[in-house]
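Listed next: structures, encoded as structure tokens.
The same subunit A turns up in both complexes below, where it pairs with subunit B and then with subunit C.
Showing the complex of A and B:
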């Protein structure tokens, strides 16, 4: 049939080769990062700090030194879970900005239940039950924005943000009033003994949470791209009216997205406590959720790319903490770098878009 | 403002003349060499269905768009209208369909918007001007009222006032009556009359025949981008309203000599005793703020029958299609597919039983524009074997399915992985056709299937619809194009304000019968 050969030949000559498309994407991603590092360097110069020395420290402490790289990889575990939770939500068009509240509540529940459970059951079972329990709490915490969005159309950006403030405060209240460890003067929960925590990898200090985090983000990526369920979520995210037209139950899927997303954010909190921290101190809020959001955007909601960006964030923050002590640069400089990367990336994206439009015309 | 002149019987020179104005959009000619004269002291009605090219014409008059060919003369001089601001400075004021007032500001503040930023707002001068103007028009307006608290009719008056305050000589009212209550419509009509008596020229856009006949001095009928008829003020005065409406109906729905698709189908007559494949009984849906709902819709569709649903757009056709497809729940009534009640079933269950719906909103709800063609083919079969096994995508099968359908339905695209949104309208429609006709279709609902398509695709889609009916499937064809319905249907039902006002056989008198039903007269 003539039309068949027609479409077949057309299929063989797409506008761009896939290889060059990937190269294009890489340039568009790595270029802005390099430019941002240079701009960050100029700021350091203005502060009177040698940028080469600073970046050298960051790479040395965050990536090259044995303790540094182990800390970096350990830090990645909760960040990977958070990235996985955000990818599920963002790909389905649900802007869950409540990751920190979900993270912290789960962390507190994990810190409160694990030492208690470990008193009368094997520690591996206590860790598993604490993990499940804290995940469930995070899911329950997301129910309010989920139901409001699914059945009343209330904007989840606002509700999740408000719930995150409530969640952080509630977590604090729980630490100070309910789960306070009576045996110390510091306001904090009971501490899970190091021996009862998640095992470390081989002879290192890297928490096995890293493995779980990697599994979580790869599983989420495959779910979103390869399964019918993931496709349904993506349709809801891309065109809600098409989802209704196709007979998908948008409210049910929306609640499912919230549950998955919040659950994964809760797992991040649990894994951080059960693997690394062992307890939650009052007023502890690392705000990982808000820091991971830009990384997920930079990765364009791609799970594998997110792993790379989470690694970058870990190196920057571990190395940055260390360099801050040596060179007197505030630790928030890491966040500043991330912000500059985002701005430069947006500008690059805009120029690329204009360029494409011009090429088409 | 032009000095008030008693309504002149003699024709005054036109303020605006359009000469052979043509505007093309990709795949569509929105305006095809339109000639038009807008004279002071006249309400010039632009009448036409959705898609007739009224909005494009207004867009060019108000400076939003530029014509591709032809020219616009203002006071006899060729003058390109470059921007909305330029149009205002030329004395052309436009009141758009949806109110353009800032809801939180008062009437006075709204009227003062658009002044140069360095000037202090002159509230007192405004108050004097507005009071004088409103008094002379016999309308009261509270300048301190907040815009959002005014009725739609009052908001519209504020917009008209704004245009008058800027010394407009031409006032364009774009579908201004569509949001008004009947009494609001009457008031607007009276206001227009007083304005033209002051020497203003009014361009009044509507698709409602009665308003055109009641308020107009001159009527231009647009159809598919062409001006097909003009009724002059003399003619207006010399014939009665019914005769006038008859003339307009003939112009709007009558046969064009050069219509490409004028071939009539010999309709099949189905004996009454043939069992219906789809029967709909007393379907009702409450009206919403923007839709007319459904009121007691009943009809029967027989295997192989092509039943057309005619009517002006927005009279409940889309609601009917959505209720039948299951996207919207009817309040009461029954839907029987092959004698099985399906009104309680979901979209997917109805689809599995063979009821298929081709939406008119191809990119809005029919497809996910950023997804590959291959995925869009299966949008309504997600998680169905063999394309998904235990929830896991079988990309090879999906790919082969897409390639097969693309060749079978002649979908022209760079490849099956191309985002469907990059395809032309005709090819997107073929994707929808392929999806809805696949595997076990029994009754197919088409909603405006050829809307916005070029001629070749239009003819191909119509042939496809005829083929489906010939295979013994039931076809419900919703269309605002009467020619299309007369060309291929067996029977034609007419919808008006959510009701089926009548069903006629596609006999030689069907054209007039349907035309009369469409404007609310008995067939």
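Showing the complex of A and C:
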């Protein structure tokens, strides 16, 4: 522990070596996670569950066992797309909290169109068209909050939240009334046969969606950090007035950000359906979006760091789902753990910030 | 059609509308105070669920609804105290902490409920109602509007109290200044952090009370995730009301009717998926935003932590 704090103080020195800055970041990131895991363990202990056994089981089932790691990597695909979508928005100062609505609507459209299209065209083409279609729907869905924010200045936190409620209900209506599979009694869409879904990687059960997810998040990271367009978006996010004064068309950029963000969130839904689920059941809402938001914050909107955090979230949720069946700890514990990590990390940032100020003074 | 608009149906509809509106009203009023003082309180959903659980436990073990309301409000205040410490005192990002609190307390209450009651959902006895004399004799509307638990009338009374506070009292002015120009308030010798903390604590108490009402009287039981976005609806109400408590009341009643319509139509045997009706209030709000969405309806310093001397 003492060596960690040592590198942390070095990291605050001006003109530091890049290596020590990274070490500082690592300590500031891994430290809070460990503290949060310990706090979560204390809660488990208070509830009469052996925390070591729980965490051991989660790691065993989420990371180490062959089926577990394959499930974990498959789960990462939609989460990576969501993270990419959120990074675009948050970096540009747009608080898109409507990811779940965009995700779910796109999922329903993908589930409705892919089996239908596969009837009269090669399945690969059907999957591609379904993917594009559902992405487009998500983009269209985000237009209302986008235009309201861009041209009326209406706070997008509220509008996107409401569009999420609307979107979840609308998705259910579509499943129950419009795209109902007549051949089953369960209210759900038609099912895309396993053979028509996205191919699996090599001999594993990992969906190739993982590759697309990784491409998406790296592309977004490079776009935000390495292109002029990304720079413009970041300027809008950092200081809208400065953006206006430097001649940027803020309304246009805002709409573009919404479209990109919602499109990526929609792709997440499409990739989950076309790769894994195959259909959408009524009232299905995994609410990935809300749990990915903390991950993106933890990664400080960095694409590469987000990959690591999404992996962590996947391990925790896949392992947590197994542990729910075996150890009787409900899956909501994962939610709690994510929240504790987020809050502890925010506090750590604050302490670090104060420490830096004190060092300067 | 005559069946649909029978007295019984309308009575049940309006009674249900009031029951559904009260938690939203309390949450909306609470959020309004936070926002007035410049704190965007996304954690209100967490405050409500904490209040619902604490309120349910209080009422369940003490067998007193009033004690349940007290513990519910206290549950909300506990969550609010985290928000005060992190967002008002330390100035951390209100959206991050708000989402964290919401997720955390949704998870925590579900977890505690699981370990406490496993899969059983004990039910509270029906609440005593206070009958308003004379008014409750009005046909249809009387029993629907004037046969509620006392806390319902108090909540409506609170609307007028808050309107008075905001318009006529120094406290209201201080809250407004904390949201619009905190530096000016500071110069005037009023502690910005304390003013904002007061607002957030009040929000916690009101949201907790709303959650307790939702669980103890609205549902009579606690189930995990029972608030189901009621806190977010409160944020929407506060945003639409633009600082006027009376508008929060109107909005809450509108939402209440829509929510109540869902159950009432099902009881009447009309077979529309509940999802269709659940969309109505949100559609209404979006339509209102599209029509009346104007700039600068929010406090200028909303969401910005106050740091003395910062530019």
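Simple rule for what comes next: the second predicted complex is superposed on the first by the 347 of 361 C-alpha atoms of A that agree within 3 Å, B and C clash if a C-alpha of one lies under 4 Å from a C-alpha of the other, contacts with A are read in each partner's own complex, and residues count from 1 in each chain.
We take it that contacts are C-beta pairs under 8 Å (C-beta built on N, C-alpha and C of every residue); 3 or more make two chains touch, one makes a residue touch a chain.
Keep in mind it's a predicted model, so treat the numbers as computed, not measured.
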item	value
First (subunit B), second (subunit C), both or neither touched by A:244	first
Comparison of subunit B and subunit C by subunit A residues contacted	C
Subunit B versus subunit C as contact partner of A:37, first or second or both or neither	neither
Contacts of A:227 with subunit B and subunit C, given as first, second, both or neither	first
Which of subunit B and subunit C A:235 touches, first, second, both or neither	first
Which of subunit B and subunit C A:330 touches, first, second, both or neither	second
Which of subunit B and subunit C A:95 touches, first, second, both or neither	second
Which of subunit B and subunit C A:157 touches, first, second, both or neither	second
Residue numbers on subunit C that touch subunit A, as the complex places them	40, 42, 82, 86, 90-93, 95-97, 99-101, 103-108, 110-112, 114-115, 224, 229, 232, 235-236, 239, 273, 275-276, 278-279, 282-283, 285-286, 289-290, 293-296, 298
Of all residues in subunit A, those that touch subunit C in their complex	43, 47-48, 95, 144, 148, 152-155, 157-159, 161-163, 165-166, 169-170, 172-173, 176-177, 290-291, 293-294, 297, 329-330, 332-340, 342-343, 346-347, 349-350
In the complex, subunit B residues that touch subunit A	326-327, 346-348, 351, 359, 361, 364-371, 375, 379-380, 382-383, 388, 391-393, 403, 406-407, 410-416, 418
Subunit B partner contacts - residues on subunit A that touch it in the complex	1, 3-4, 6-7, 10-11, 13-15, 226-229, 231-232, 234-235, 238-239, 241-242, 244-248
